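What follows is a group of structures, each given as structure tokens.
What follows is a pair of complexes built around subunit A, which joins subunit B in one and subunit C in the other.
Our next item is the complex of A and B:
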């Protein structure tokens, strides 16, 4: 029995693991992903080092890789690492979610912060803060479990609603985005109603949450988002295999043997779950899901947002934004979401000014 | 080369049957206007009579004509009538502004809320509260104007710089993106200052209640100017509806029509937002219904949109008073809940209708 040599395509060197798994070896994508990871670790080290008791970057890195003295270990591992770790995990979740959605909709604007998933999660969480709160102090079980669970449920519910409304013999990118924009408006208006009903202190807390904040994060906050990512990221990477084929029109994708609607639904489900988990963990941090995949796309030079590179770029972005938010304005520590908004906005305007050429009806 | 027989532009259709059709159309349009006026009158009566304290129409009448200073008289004259007047002018302004936006962009999804104008006004108002300590609605007016203008120009420019100009989708997307950005900045400001949050949260929801009657006086001149401009350039808008090339060939000055249009839109939405807060979806729904009733001629569409907008906002306001008695649901929320399904239905149509 003669083995037929697998076809080789110029410019697409194969990467084979065994006989059943194969892909295209893209060194630049890997390089960007690794660089993003390095940037994340560095940003985390700087972020951990800054504070009441400053620690040098080298010392922090030493502790992170297993060295350091007693005091340093306690401060770094118990007090400061959870915050940066939550930030980077949330960044990964937002970025992968955005990358998948943008690839499916073939539109950079189709990220969870624009199509209303963040707004839905936000409305649900604000509802819990406002209706379950007692004058400024959401306490006990409600604060630890209620707000994140409400955000998760709100995000998933909103996404389901958008999906059902946008479904019309299949899912089309622009219809998904436009319906998302409509639903977003409703969620925003519900949120503003809740803010009126609330006591002003509760409203203040709700606004802090709505901006996305990493304040006072401990290991108990890292664990849920970490576990969720452990399931969702591999699922995303596996499902993303068909993203390349989905870039063509539906007929071509079907001709290539893709179950178009099934694949899209599964991918969207993972993307929405990632975004909802991230919102539940740190609040709706805007623009990470929009900017990170686009940045990674430009760094890699690929045709669609690369998932792994987006993930590490997203983590690096979020941690850096948190670093700026904590330290750039002296004593007032801003929520990280404000920094991502201010940094992301110019990029968004650039995308809009240029990207219109790529948007097709 | 084949020769094309010359045809008179005003061909034979002008005679006999055509004139009859035209007269029929005119009758139909006048009938629609009469019905809309009747609807508005009914909505006004309901708005004055219905509320936490229901007042019989007879007493409303006597309160208006011969006040005796009783409790009902005070409620009617000091609360309900100003509120109703505010509703009429805001609704009319938003309805016409929506019609103008849809006409100029030839975009069925154009609407002040979707296109980021509200967000621009919101940011300007918040900055006014935060930096200058302004807390009265009267003081917001100028800031809301400025914000609305900047945001609308920004969205129009961003939505149309690419190849192919402004399509329905690019404009809606540009508007949504700018809205997200501006509201993020709004959040940043109100986070720094709880005082600002407390003023802002009651403005942003969009309501007719609790607004100072002096606001009506302050915004009325701008709304009137905006309405006049809108009606005056309706014929130019009709020509533009056939495309810029055709309009130019018909002798229209495109830049002038555009500038007049954007000025009118800004005056109308800016003053409406300043008076009542951002109210979404009204400007979207009303022009569509008006177009359904009277056809695409802007000379009829715009006045009808004004009547219909005023009626719709009053009905929504009354509904908000009735559903959660004795509390109130603000009119902005009622309209979002009613308008969003309408928006979704528009998007779901197989092809986005192009105007």
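Our next item is the complex of A and C:
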């Protein structure tokens, strides 16, 4: 089998940097990622411009790219940017988390918001709000450290539980989803119970938090999620190298020289950490993790959710939802999670109605 | 081959078996079990280098399990599988993947994955996160695709291929892996006869033109006899017979291993053994004079 000049492989143009670094050039994936980024910046600009003191989109963009007067800079950078920035970072985290889990389980329903990771993180956080006692009166340390840490721990704990219950000589997508839905129900019940036994003030705060809120986010909220993403996103992109092969059944993946259990555990850990960090920062905003990767997948036309494109689509989605939540209902500003739920629920129904080809439950 | 006499063919097969090099992959006294269920005990198996070996046997006899153990897809609960003299489970799985290619039974491709992307996954053991599409990768994948005749379908999603094309795509993937040893678990399942022959022709070409060693599990005894130089018959987790198709495929063995009443005649095309089942309605008739 000696072919002198082997023909190029159709559909896989190479992208080479130097002699050692190489990949496949996928223009459509890149385009969707860039468009998602542009949409995010635009939605952020509009979102920042809206408020008691309206600022035009161009002015906001001017400030964001280093211009503007002092008052504009103060309002945009100090008062309003943290909210939108938290929103977009949280969107990125949820979307990458969803993309990884959907790819591993070969099932779009295996998103952290469907299989109970968000709910588990939420239940733990509500537990701290309600049982911590002091939150209603003192918002200091417990609010900034206690709630996020509890959410993180809750998310990881829930994921471990789901993994152990779903593991049977490997992980199968449908079992992961079914057990996840069960765990989700348990976590929701625990949260309801906590809300019933709670003091009214605590319960009120917990409910707002539970709906996923970006209200009153300052730079102190941006920093933790930003730092976490700085570690987790590169980790996800590195591990994504094995994600393609993990989409096969376990025997095929092992045959290709992948330590299936190790690789999958590492990827799940990153995905759960991303979702938990996002929940810790803005509450369990639902459906972003489900919808963003599936939207990106359809826009790119690939066989698994593309991570970068999912990330920017998730950011754009979250900030847009926040914009709608704040401005579409007059004086009443809704928590962003209600808007994502209203937008996301029909999408879930669409996925289920599409039948057995992708959603195998 | 059509004019070759039975004798020539038999000696030809024997010669092929003799030509075979040293054993690179072997199972020694292995015990194969799925938790409580013991499939095989104290099993020995050697893969003849440079030959096509077909493992035959009734459903549930442990053929696929043996293949999975040889391909380090399952651990042996006793005994050992040796690849080039080293215990296979101690070798880094990536290094094994550069020597040993494995095609599981009816593998699943994710929806929307193109043939080119599927075949490129075969390069995984040779890649790193920063080196995912080197010029070598590209050349090997292009060669594998053109070799199996899938280059024109490279951009089509695997789920839109016919059964035969799908199997070609998967074979291209293990081919792109660039291994000397290939383990194929029922590569012809769910294919009609024409595509079974087509797939086995491809595997035979792989063997003759690139010198790859092939071990495959096959259900069709006549095709196994036609395409393999060595047959291994299993029953209840034990190897009952192994050798050239002429040695292994006898009426006695068929009744012993498969509990099948059959005559074995000579394949008029390839001069290999041909199994003709008797069945209930013809059982009373006197044996045909030319039967063995």
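One rule holds in what follows: the second predicted complex is superposed on the first by the 340 of 361 C-alpha atoms of A that agree within 3 Å, B and C clash if a C-alpha of one lies under 4 Å from a C-alpha of the other, contacts with A are read in each partner's own complex, and residues count from 1 in each chain.
To be clear about the criterion, contacts are C-beta pairs under 8 Å (C-beta built on N, C-alpha and C of every residue); 3 or more make two chains touch, one makes a residue touch a chain.
Just so it is clear, the model here is predicted, and its values are computed rather than measured.
J.: State whether subunit B and subunit C clash or fit side by side on subunit A once the two structures are superposed.
T.: Superposition check on subunit A shows subunit B and subunit C fit without a clash.
J.: In the superposed arrangement, which partner chain does A:50 touch: subunit B (first), subunit C (second), both, or neither?
T.: In the superposed model, A:50 contacts neither subunit B nor subunit C.
J.: First (subunit B), second (subunit C), both or neither: which does A:73 touch?
T.: Neither partner.
J.: Angle at subunit A, subunit B to subunit C, CA centres, as a multiple of 10°?
T.: Value: 80 degrees, nearest 10.
J.: For A:8, select first, second, both or neither according to whether it touches subunit B, subunit C, the two together, or no partner.
T.: second
J.: Is A:113 touching anything from subunit B or subunit C once the two structures are fitted on A? First, second, both or neither.
T.: After superposition on chain A, A:113 lies in contact with subunit B alone.
J.: Classify the contacts of A:193 with the two partner chains as first (subunit B alone), second (subunit C alone), both, or neither.
T.: first
J.: Considering only touches as defined above, state whether A:286 meets subunit B (first), subunit C (second), both or neither.
T.: In the superposed model, A:286 contacts subunit B only, not subunit C.
J.: Just to confirm the geometry: in the superposition, how small does the C-alpha gap between subunit B and subunit C get, in angstrom?
T.: Result, nearest C-alpha distance in the overlay: 8 Å.
J.: Which parts of subunit A are in contact with subunit B and also with subunit C?
T.: 357
J.: Applying the document's contact rule, which stretches of subunit A touch subunit C when the two form their complex?
T.: 1, 3, 6-12, 14-16, 20-24, 106, 238, 241-242, 244-245, 247-249, 251-252, 254-259, 301-304, 357-358
J.: In their shared complex, at which residues does subunit A touch subunit B?
T.: Going through subunit A, the ones touching subunit B are 107, 109, 113-114, 165-166, 168, 174-175, 177-179, 181-186, 188-190, 192-193, 195-196, 200, 203-204, 207-208, 210-211, 286-287, 332, 334-335, 337-338, 341-342, 344-345, 348-349, 352-357, 359, 361.
J.: Taking the touch rule as given, give the residues of subunit B at its contact with subunit A in the complex, in rising order.
T.: Interface residues on the subunit B side: 109, 113-114, 158-164, 167-170, 172-174, 176-177, 180-181, 183-185, 187-188, 190-192, 194, 197-198, 201-202, 204-206, 280-281, 329-330, 332-333, 336-337, 340, 343-344, 347-348, 350, 352.
J.: Per the contact definition, I'd like the list of subunit C residues that touch subunit A in the complex.
T.: 68, 71-73, 93-98, 101-104, 107-114, 116-117, 119-122, 124-125, 127-135, 137-139, 141-143, 145-147, 151, 154-155, 157, 174, 177, 209-210
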